[in-house]
Structure formats: structure tokens, C-alpha cells
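In the two assemblies presented below, chain A is common to both, partnered first by chain B and then by chain C.
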Partner chain A sequence: MTADSLLFFILAAMTVGSALVVILASNPIFCSLALAMAMISVAGIFASLNAWFVAGVQLIVYAGAVMVLFVMVLMLFDLKDEVRAFSRGLVSGFFKIASVAVIGGVIAAAVWMSTETIFSTAPAAPTVNATVATKQLADLLFKKYLFSFEAMGALLLIIAIGAVALSRIEGGTHADK
Partner chain B sequence: MPINDALLNVGLSHYLILSALLFTLGLLGVLLRRNVIVILMSIELMLNAVNITFVAFSRYSPTANMDGQAMVFFVMTIAAAEAAVGLALATTIFKKFREVNIRYFEHLKG
Partner chain C sequence: MGRDSFEITVNIVKMFAIFLLMVQAVPILVWLERRGSAFIQNRTGPNRVGPLGLIQLLADAVKFLFKQPFMPERGVAPLYYFAPIAALIPGALALNAIPLSTPIKIEPFEMLGQMWGPYTFLFQGYDIGIGIVFILGISSLGVYSILLAGWGSSNKYSLMGAVRGAAQGISYELALSLALVGILMVYGTLSFKEIVDAQAGPLTFMAFGKEYVIGALPNWGIFYQPLGALIFFAATFAEANRLPFDLPEAEGELVAGFHTEYAGFSLLLFYIGEYGHMMVASALLATFYFGGYSIPFVSPEAVNAFWLAKVDGANTAAILTAVTHHLSLLVRVALFLWIFIHVRWTLPRFRYDQLMSLGWKTMLPWALANVVVTAIWLWLGHRT
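Coming up: the complex of A and B.
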């Protein structure tokens, strides 16, 4: 087993294990910590794909900003262990797990068939220098996708104003009941 | 495919399988959990799975192109926006009911 594949399998095991903790832990704080672990592992996966800049942005945006948002809201709520963390109902639970199994099977079949036909012999594209790759990415973002990029900025502004307006309804979080 | 080959040569299919696994786990969390915040976390997991697919296809495309990595930025922006609005909605529920259970969402209308 080469070092590259060993690294991939360690990162994949960390990602899937943390994802399992996210959906199984009954204490939301544990869920958020496991989610941070999953984000960091995904950043490692990006790095193993030679996407260095995306890995850095993943660390800053997800493991930094989004996780801080989640943890702040959790601490604001002061939640204890949930008595009933999962939805009740045996029949509906069975249908939910069955539908997840169906979707998982469809995705697995799609991956299997596409890799058999298209990508089995395709080698990886030649790796370029990290600086060159980041420059290419910047060219794409600021030339080809410039309009989408600006639209994303406008969207973020609208979302920020909307979130503040939404959480100010009825006098803030600590309003008297 | 011999098992030794699959262990030695990590390729596109490895990343796609990991992404499918992560997406399915996130979907399971969205369907089964009752806490709004944990549901939002599961959605983040699903979006991350999609990001892995984008980057893997960008790496293993026959001609080197970075379009997949550019898409990851848009997915991240949407994910951050979705987390902000979802958490604001969760605060609204918490203010009314002192709990963030998904079943209280139906009382928010009006």
C-alpha cells in the first residue's frame, strides 16, 4: 500500500466515522464537534486531490466560520441531551431508511457504471504547480464566472440582512415570554 | 477488480464512492433526526459530499480544467447562506417553544 493510498483511506475513514457520529450522537454539541472533524477530513481529501486552495478555503469557511455559527447558536440555546433524538414511528422510520437505501443504491450503481465505461482507463490530468493552479482558478472565478461571483456577493448581503431581520422579530432572543 | 489493485491505486471511483457514502449518511441524518440544528449539520454533510465529487471530477478529467473547483466556491457560498437562514429560523422556533424540534415548524406560519 503506497503512502498516497494509505493517506486516502485514513482520511476517508475519518470522514465517514465523523459523519456517523454527527447523525448518531444525541448531544448536539458532540454532533457539532464531529461535524468540525468531518470538515477537516474533507479538507484533507481536497488536499490529496491537489486542490490546495479549495482545501484552505474549506478550512477557513467551514471549519472556521460555519462551525462557529453552529456552536454559537447551540450555546445560545443551552440544549441538554435530547430525550428523543430520532423521529418516532416504526413504519415511517422503515420507509425513511428504505428510501435512503434506494437512493444509496442508485448512486452506487451510477458510480459503478460510469467508472466501468468512461473512466476506467482515464489517467489523472497532469499535476500543475500549486501557484499556477490557483492562478487558473482565479482566472475562472473573475473572468468566466464573474457574473455568478457577483451574484453570490449580492446573495450573501441579502441573506445577512434577512437573517438579522428574522432573528429580531419580537424583540430578540431573550424576550420575555 | 482485484482487491490489491483497489487498495494500491486510488482513483476517481474511490472518491466517488466516498462521496456517495457521505451523501447517503447526510440524507439519513436529515430524515431521521428531529433537532433542527442537527438537520442543518446533515445538510452540510451532503453539500460536502457534492464538493468532493466536483473536485474529484476536476482532478480526473482527461483535460486539466479547474471548472469543478470553481463550482465548489458557489456551493460553499450557498451552504453558508443556508446555514445562516436555517439558524435564524431555529432561533425563531426556540424563542416561541424553548425547544428546536422540527415538529414546531408548522406553528411558524402567520
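Coming up: the complex of A and C.
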């Protein structure tokens, strides 16, 4: 076993372990902290694949901003009622079984579709300098996929404006129509 | 890590040395902070223990180490104990990624009956090609330590401080990153070393396809990005939770904010994290806007030639060259650290709404405008 594959197995174990904590822990704070840990481990996997820029952006955007907001908002709430409502009852039971079915399907499909790649012995792509790789990524994003990139930006802007508009209504989402 | 045992050993020792540099600078900074604040407020400050009160550092350290550790009864133990450690990680990782001096080229030499080398040692823990993205990513994780401490100690003051700290950290991270985008556009690279190399020589800029040289000024980033430097500098205060942005531990309202329930060694770890953040911010400010480790108007080759004439042995000269450049960076870092301390004891604290409106309504639009103006300037500059 080489050092690279050892690193991969450590990072993969961390990702899967913290992802398991996300769905198994009952305290939402621990769930969101474990999700942040999973994000950081995924960033580590990106870095071990020499995708340094993606790893950095994963850290900045997901682990550093999105999950911090999640954790911060969850800390402000007293979530005892929500926890009780979510851990009992027929409806949530149905959702639990449904999500188990979905995740089972996803895992089966992942195994099914990746058997060819896992057992192939194709040589790894040559690694390029991190700055060069970042420039290649930028070329793809701003030339080939420019429209979809800008459309994503516009979509996110619409979401942000919508969230601000909702929060300015008296009573928020529960306002009388 | 390296090709043989000597290189691997040096590289590992280097990382620990830089971490220890950060930890060991903290007592000196604390002494400077106390003496400096006394100087600014017309007091004497600690002056009894040792000459100029310098042994006070040792006394403080002993006190911190021997305090009885305790945990709040209803605290969450894993989070409570992990938070101070998490405060150290971003600073240590970020400081290791910043080049602190020129690389040292070592010619082959004999040791323990065997030839070693040649080697090239970088004067930094590790060189990640896209240093800027790495630093931003790592420093954005610093908020977690505050959040964990606030929630883990199960105290309302702590929680308020933690939530304030997280909101403030995210708000100012935007302005800070956008200020750095200007630097990225000017230098066209994500690597620290290339940025420092680009700042060598006299001030040279392009305007309408022609090149202008101002011989009296060094080619530093601050002359290209004055507004970016100002926004970056201001945002680092908020990131490091220093006055005038120290709302997370506002002692007038929140006792001590997120570290209310901490004492002794774990409190000391928070302090090391804060001062580490200041050191990283100062080193980054020097690297991006003030020429990094370069000496104005003197090339590294000239310094190397000077040392070659003074001492015998190319290896000694290479090491002395690196040390000279390292001192050149340390002078800047010390100056910025002193400004950090001076500002803390000069400006009053913001109110929380003022802090938020400064971040979102003033610094963010100005940083965006800086990016747009830089883009237009670059377009004009390279247009014939």
C-alpha cells in the first residue's frame, strides 16, 4: 500500500464516519458539526487528487461559510420539540423508510456503475502544476460552460433576493395571505 | 517530503519550528501588548519582574500552566475540550504555507562519512501552489473554534459571543476575499512566491501599452492596490477578533464572550490562536502589499554575493542570505503587529449594528468597486 492510498483510506473513513454521524446523531448541533467535518474530509480527498483549487473552494464555501451559518442558526434555536416531532410518528416513519430505500438505491447504483473503473488498471492522468490546473478550470468555466455558469449565478442571486423579500414580510413565511 | 533522510528530517523540523515560532512569539507579544497599552495610557505596566518586566512572561506562563482546570457542569465535554485546540489549527497551518524567506540552495556536502545533496530547501513549511486559496480556506475554519467554545460551555454569554463571532467572521471574510481578488488580477497568480518575485525592482506599471518606471519607489503591491490593502487590513482586525471588532468577547456586555468559561491552559490556547491569527495577517499583508521578504532595490543575488565575499563556503552564504531576507520580512511583520496593538488601545469598540453596516454596506461595495476598477485599469494598461 502506497502513502497515497493510505491517505485516501484515512480520508474516506473520515468522510464516511462523519457522514454516518450526520444521520445517526439525534442532536442537530452534532449533526451539523459532523457535516462540516465531512466537508473538510472531502476537501482533503480533492487535495489528494491534486485538485487543489476545488479543495480550497470546498473549504471556503461549504465548510467555511455555509456550514458555519447552519451551525450558528441551529445554536440559536431550542430544538427539543422539533427533535421529538421528527423522531416519532407515522409520517416521519414513512420518510425514514423512503430515505433508506433511496440511499440503498444510490449505493447500489454507485457500485454497479463504478465496478469497471475500480478494477481497470488505466494509468493515472499526469499531474499538472496547481496554478496551471486552476487556469484550465477557469478556461473551461468561462469559455466552454460560460452560459451554465452565469445561469447558476443568476439562480443564486434570485434565491438570495427571494430570501430577503421573504424575511421582510411581517411574520415571515407564516404571514396571512 | 524529500528524497533522503536528511531532506525529510529538515522538512519535518521546519514545520515544527514554524509552529513553535508562532507559539513562542505569543509571550513577547503579550508583554508588548501590556507594556504598549501602559505606554499609550500613560501608565507603567508590568515592570517589577526582571529587567523591563520581561520575566513577567515566564510568570504568566507558570500561572497559566498551574491553574486548576475545570469544566462547566452542563457543558458538552468533547466540544468544550476541542475548541481551544481548534483555535490553534488555522493559524499554524496558514503560517506554514507562507514563504518566510528565499529558498536555500545547499551544495553537496559531507556528513557522517557520506555525501549529501544538493538540496533546495524552501523557507516555509510546505509550498502549496495555490497558496492564497489555501490560506482563505484554512482561515475560514477559524470560526468553528469560537462556535464550539460558545456552545460547548453551555453559558448564555458564551453563546452570544460565539454567534456574534461567527456572523462577524463570515461578513468580513467576503470583503477580505474580494480585496485579495484585486491582487490576483494584478499579478495573475495564486502562488505567494510568484507574487513576491513580481514585487522586486522599482515601481513599474503599464498605461496604454507603454511602460512607466518610477525609480524612487519599490514595486510593491500597495501602489497598485491601495484600497485593497486598506480593506484587507481592516478586515483582518475583524477576522482576528481584535478591537475595534472584538464584539465576540465584549467584556462590558458579555463578561468575556466565547471564552467566559475557560481558564488556565485552555484560555492560553485561545490567546495563542488570536496572536497567531495576527501574525498570519501581518505576514500576508507584508507578502501581498509590501514586497514580502524582498529587500527594496536589492536583489537576492546581490545579498548572496555580499555574503559570499564576507564568509567562506557557498552553503553558509546561502543560509545567511535567507536569514537576511527573513529579517527583512520580520521587520514588516513586527511593524504591523505593533499597529495591531496600537489600534487596540486607541479606538473604541463598534456597536454591533455599526459593525454589520460597515462590513456589508461599506467594505463589501468598495471591495467590489476595487475589483471593477482594477479590471478596467488592467484593460486600459495593456491596450495599445
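What we mean here is this: the second predicted complex is superposed on the first by the 125 of 177 C-alpha atoms of A that agree within 3 Å, B and C clash if a C-alpha of one lies under 4 Å from a C-alpha of the other, contacts with A are read in each partner's own complex, and residues count from 1 in each chain.
The rule is short, and it goes like this: a residue touches a chain if its C-beta (ideal position, glycine included) is under 8 Å from a C-beta of that chain, and two chains touch if they have at least 3 such contacts.
Keep in mind that what you see is a predicted model, and the values were worked out from it rather than measured.
**Q** Contacts for A:A163 in the overlay, against chain B (first) and chain C (second): which applies, first, second, both or neither?
**A** first
**Q** For A:V57, decide between first (touching chain B), second (touching chain C), both and neither.
**A** both
**Q** Between chain B and chain C, whom does A:L69 touch in the aligned arrangement: first, second, both, or neither?
**A** Both partners, chain B and chain C.
**Q** Taking the superposition on A as described, I'd like to know which of chain B and chain C A:I29 touches: first, second, both or neither.
**A** second
**Q** Does chain A have more residues touched by chain B or by chain C?
**A** For chain A, the partner with the higher number of touched residues is B.
**Q** May I ask you to decide whether A:I40 touches chain B, chain C, both, or neither, giving the answer as first, second, both or neither?
**A** second
**Q** Look at A:T131 in the shared chain and tell me whether it touches chain B only, chain C only, both, or neither; answer first, second, both or neither.
**A** second
**Q** Once the complexes are superposed, what residues of chain A are shared between the chain B interface and the chain C interface?
**A** In chain A, positions 53, 57-58, 65, 69, 76 sit in both the chain B and chain C interfaces.
**Q** Looking at the complex, which residues from chain A come into contact with chain B?
**A** Going through chain A, the ones touching chain B are 1-2, 4-5, 8-9, 12, 15-16, 19-20, 22-23, 28, 31-32, 35, 38-39, 42, 45-46, 49-51, 53-54, 57-58, 61-62, 65-66, 69-70, 73-74, 76-77, 79, 82, 84-87, 93, 96-97, 99-100, 103-104, 107-108, 111-112, 114-115, 119, 122, 124-126, 128, 133, 136-137, 140-141, 144-145, 148-149, 152, 155-156, 159-160, 162-164, 166-167, 169-170, 173, 175.
**Q** What residues of chain A sit close enough to touch chain C in their complex?
**A** Against chain C, the touching part of chain A is residues 29, 33, 36, 40, 43, 52-53, 55-60, 63-65, 68-69, 71-72, 75-76, 129-131, 134.
**Q** Under the touch definition given earlier, write down the residues of chain C that touch chain A in their complex.
**A** Touching chain A from chain C are residues 79, 128-130, 133-134, 136-138, 140-141, 143-144, 147-148, 150-151, 159, 162-163, 166-167, 169-170, 173, 177, 189-191, 194.
**Q** Considering only the defined contacts, which chain B positions touch chain A in the complex?
**A** Residues of chain B touching chain A: 7-18, 20-29, 31-35, 37-38, 40-42, 44-45, 48, 51-52, 55-56, 58-67, 69-70, 72-74, 76-81, 83-85, 87-92, 94-95, 100.
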